[in-house]
Amino acid sequence: MRVAVVTFPGSNCDHDLVHALEAVGAEVELRWHRDPGLDEIDAVFLSGGFSYGDYLRAGAIARFSPVMHDVVAFARRGGIVAGICNGFQILCEAGLLPGALIRNESLRFQSQDCRMKVERTDTAFTNAYPAGAIIRVPLAHAEGNYRADEETLARLEGEGRVLFRYVDAEGEATPEANPNGSTANIAGILDARGTVMGMMPHPERAMESILGSTDGVGLFESIMAGVAGAER
Amino acid sequence: MEIRVTPRPGILDPQGKAIHHALHSLGWSGVDDVRVGKAIHLELDAASEETARATARTMCEKLLANPVTEDFEIDRVEEA
Amino acid sequence: MKRGSEVLRPGAVDPRPGDPEVTPEIVAEHGLSPEEYERIEQIMGRTPTFTELGIFSAMWSEHCGYKNSRPLLRLLPTEAPWVIQGPGENAGVIDIGDGYALAFKIESHNHPSAVEPYQGAATGVGGILRDIFTMGARPIAILDSLRFGDLDSGRVRYLFGGVVKGIGDYGNCVGIPNIGGEVHFDRGYEGNPIVNAMCLGLMKHDDLITGVAEGVGNPLMAVGARTGRDGIHGATFASEELSEDDDIESRPMVQVGDPFTEKLLLEASLELIRSGHIVGIQDMGAAGLTSSATEMAGRSGTGVEIDTARVPVREEGMTPYEILLSESQERMLVVARLGREDAVRELLEKWELEAEVIGHVTDDGIFRVKEDGVTVAEIPGLPLVGGCPTYERDAAEDPEARALRETELPETGEPARDLAEAWVSLLDSPNLGSRRWIYNQYDTTVRTSTVIPPGSDAGVVRIRGTRRAVAATTDCNGRYVYLSPRQGAVIAVAEAARNLVCTGALPTAITNNLNFGSPLKPHIYGQMREAVVGMAEACAFFETPVTGGNVSLYNETDGRAIHPTPVVGMVGVIEDVDQITRMAFTTPGDAILLLGDNTNELGASEYLYHFHQMIAGAPPSVDLLLERSLQQATLAAIRRGLVRSAHDCAEGGLAIALSECALGGEAPVGFEVRLDDALPPVPLLFGEAQGRIVLSCNPAHSEEILGLARDYSVPARQIGSVTAAEAGFVVRLHDREVRVGTEDASRAWRDALPRRMDAPILSTPDEATP
Amino acid sequence: MEIRVTPRPGILDPQGKAIHHALHSLGWSGVDDVRVGKAIHLELDAASEETARATARTMCEKLLANPVTEDFEIDRVEEA
């Protein structure tokens, strides 16, 4: 399958994503934010980093990049879109995902491993994980504190669109397990259709045992499988 | 012109909370509430104050404020 | 330039209307001595203009001219077969095999950080990153070496918090992982923190480019951020003593960093270097455009002509003086190939950056500056760059330090306190507690190559596409150096090498940062000379040549100098990632081995500082031959795959080293150890004897490791085993037993920094608040 | 009361620069300058406006404003 990884000015996890996707056999192209067109693309990744320095609000300026017109159209067509860290923030700012990501409650940049519960394993992004899987993945961000109004939160929970939740070793979503103050320990969500996903932690950093964890592999394999299925 | 972008009431304001806490521990017990937002100073050429305000409003709606978490207020408009 | 011998005379230059006239007062304000000014008039053959004076004062500042350090730096060994680029360039470069080279350097930002901790530290990181990518290397790791006063001061907490946030925000935004460093809190740094940042960069051998201005007629281009009034005279500022009210005085010169622009500049510069459009590139760092232009010309023996009116500026009405000396961040000076200007501009535009032609390379060896066509400065390049007078000052031993070194020490017989409580209290101390609070603010995993993040003896990053990895560490115990400069410097090098060896790396080369007080004081210059001599001796011994570094002098507040702090930044190479070894115990039941000998030394220890507020006694002795054998033995054992964990025994002594091994892993474990040395308990548990490494291994391997140690004639023995966490930390001495609960130890160690940083932070000096 | 903390004149304001750039590419070419600071809303009980202002000033000097890079301005004081 062909995946586009978008590079905005200030993206700094774009190459990490390329390595992760290639590791599961994807054909990847880096796409500069000014280069239009997402034809013949099966999935789009918005990488982590500090697009436009995260000035004003993380993702606030990047969402107006030329490429975002194509990304929005691609998403409306039901294309697979994944935003990781800064990519998640951009998707929220662009309105492709509900809610917003504000300053971590600690007011500090948080860089650490976190545990997440994979709340659903029947999605395009998680089908390779066993049900109830708890995965360990690094996170590194200053604005990962997920916020949304009551109604939106109720809808997310009701429609099973909270995909990842920060949990402790026992799988409990405790305050101690919550690295940034996110409402309901939310780490990643889906859009209504289940084809657009955003998450703060970095699965692409958990692909090799030498780097400490391979728990991220499942996410990329899931997307490969999903797309392969769709093609059949 | 001066624009003020502030966290919505009800939306957690970690920065305000931290400053509130710090002020207390520094001995200012009389502080009841602290909210921290952005003070944006803009210089733009506009025909009139009205058009200036209108432009600023669109800027806020489109870019400067995030409707999910923030309110905005156009504060002062001065002739340059 | 033209043959150095023949004297170049600059043409006459009319004083620029509006510029102050050059008076003795103005000269003094520029930090130039009357003798130095005389030298300038000789070189010029006339009175310099105000602009020319500014240029000289910047180039002849301590920071750029190394006035008081160059003669000492000549003592350092700089050569080895694997050294590709030694001192003199923006960074040193070594061969690390498989066609790859490593560029690395350390840089200080002490003075700016003392005034504005956040921006001072952030721009320090920005500067060291540019030093690396200006060589053609892609930055792959950052380390930071920090020193502050005691944490019970709100102002110190402000400095510490601001510095850490500044380092984090900048490196995180550019996307370079932090892999280590060190921080020490000691009253010796009150008011004058040390902020040294180190960067490692990776390149293929043929990507190497240097800062030269070759090819007469080639255009000089200013690339990146616009020039503002930031940090004017930062270079001279960095070379003067801080006084109480500097906070106020130095306000206008604070430089603000923009890591976003830096990231774009990094990508653009590497693309530019690969493009072949340019012949040379250099960061506009200290003394900005002036030093970059003249140093580039100096390296290639040419001259340069610049028109300040063509430099893109941020503010109206900047004078040539200001434009030449501005230290605005995120700027590069590029010498392009004639005719490639547009290609360069296009490449920069893609990255949303500016590039403007501001001058060209000449053949007359003169640094000529025009303002809109009118010459405002004309200086012979060679004497400007190389002619700065250097001094060898009077040196004397610091009598105060000698007295302290010879002080009678407490608790060298019976302990004055409960040893278990003392142990936990030390784990809770600012200097021995976990550093997690710091590096949790640093992205350590971006670039997906960090194998050992901060928290171990040294950081390790693998080289993607090879079996290789590089390890790096920074080390220096200023207390040791203060009490015994030469020995302290030897220890810094020895400990750095030990730290690297513990990860499985072969120590390869060092960069260093000499942080001292005012060299005009004989006892300070004495510290400098002794420290450099010690560093030179140890570097020669370990075959780790010095490929570069930085000197930061006048680190004083109100006449009181910091502890002399010659920070060693050492890099090493690991040939096979399978050999990478960590610090933490992994498996209950494993054998714990001690390589090296315990001694009856307590001098200069954290124990004395923590319980007696004492900085006294002689630092631990070092036996370089034994050190080397110890390191060779350890490396041999690791390479044979016998070792499960290795940790260097440093500040806090054996008890703390064992605790770090037990607490440093995913989940804490316990240990049970017997030490039958006939030594008093405090030196045995908490003394900082050098030349010791704690290993853990599968019990089946301990005999083989001990045998290896014997082959290298290194004293070694099994001292105990790793146990389950529930069993706690147990140490049996010949006459008593000391027990600490794992959870108590863990909590104390974990909370040492967080609990202190929860106290209020004050930007102003401490005093009563309402 | 409303406090405005702003970057000192002459000091680089990367955030303002980025927003300025963004507004331009969104078609607002009439913008000449953007500077971004903090808008702090404080509620404290004080006997009089004077004491309130005085307190606020000390708070800014000690905590709310960076003494080296920022200026502050006490903007509005209202009875609660």
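For clarity, chains are labelled A, B, C and D in written order, and residue numbers in each chain start from 1.
The rule we apply is simple: a residue touches a chain if its C-beta (ideal position, glycine included) is under 8 Å from a C-beta of that chain, and two chains touch if they have at least 3 such contacts.
These numbers were taken from a predicted model, which means no experiment stands behind them.
K.L.:
Check every other chain and keep only those touching both chain A and chain C; list them.
P.N.:
Both-contact set = B, D.
K.L.:
Weigh A-B against B-C on C-beta contact pairs and write down the one with more.
P.N.:
Top pair by contacting C-beta pairs is A-B.
K.L.:
I'd like to verify one number: the distance from the centre of chain A to the centre of chain B, where each centre is the average of its C-alpha atoms, in whole angstrom.
P.N.:
30
K.L.:
Using the average of all C-alpha atoms in each chain as its centre, how far is it in Å between chain B and chain D?
P.N.:
From the centre of chain B to the centre of chain D is 9 Å.
K.L.:
Could you grab the centroid distance between chain B and chain C? Build each centroid from C-alpha atoms only and quote it in angstrom.
P.N.:
The mean C-alpha positions of chain B and chain C differ by 40 Å.
K.L.:
Could you give the separation in Å between the centres of chain C and chain D, each centre being the mean of its C-alpha atoms?
P.N.:
Using C-alpha averages as centres, the distance is 36 Å.
K.L.:
Mind pulling the residue numbers of chain C that touch at least two other chains?
P.N.:
258, 260-261, 352, 761-762, 769-770
K.L.:
Note the residues in chain A that touch 2 or more other chains, in rising order.
P.N.:
Touching at least two other chains: 52-53, 55-56, 61, 64.
K.L.:
If a residue has to touch 2 or more other chains to count, which residues of chain D qualify?
P.N.:
As it turns out, chain D has residues touching two or more other chains at 14, 18-19, 22, 26, 36, 55, 62-63.
K.L.:
Make each chain a node and each touching pair an edge, then name the shape: line, ring, star, complete, other.
P.N.:
Topology of the interface graph: complete, with all chain pairs in contact.
K.L.:
Would you mind writing out the residues of chain C in touch with chain D in their complex?
P.N.:
Within the complex, chain C touches chain D at residues 115-116, 118-119, 228-230, 247, 251-252, 254-258, 260-261, 314-315, 328-329, 352, 761-764, 769-770.
K.L.:
Considering only the defined contacts, which chain A positions touch chain D in the complex?
P.N.:
52-53, 55-56, 61, 64
K.L.:
Using the touch rule from the top, collect the residues of chain C that touch chain A in their complex.
P.N.:
It is residues 165, 168-169, 172-175, 258-261, 263-264, 350-352, 439-451, 462, 464, 577, 580 of chain C that touch chain A.
K.L.:
Show me the residue ranges of chain A that touch chain B in the complex, using the header's touch definition.
P.N.:
Residue positions touching the partner: 56-57, 60-61, 64, 92-93, 99-100, 102-107, 145, 147-149, 181.
K.L.:
Which bits of chain C are touching chain B when the two form their complex?
P.N.:
For this pair, the touching residues of chain C are 759-762, 769-770.
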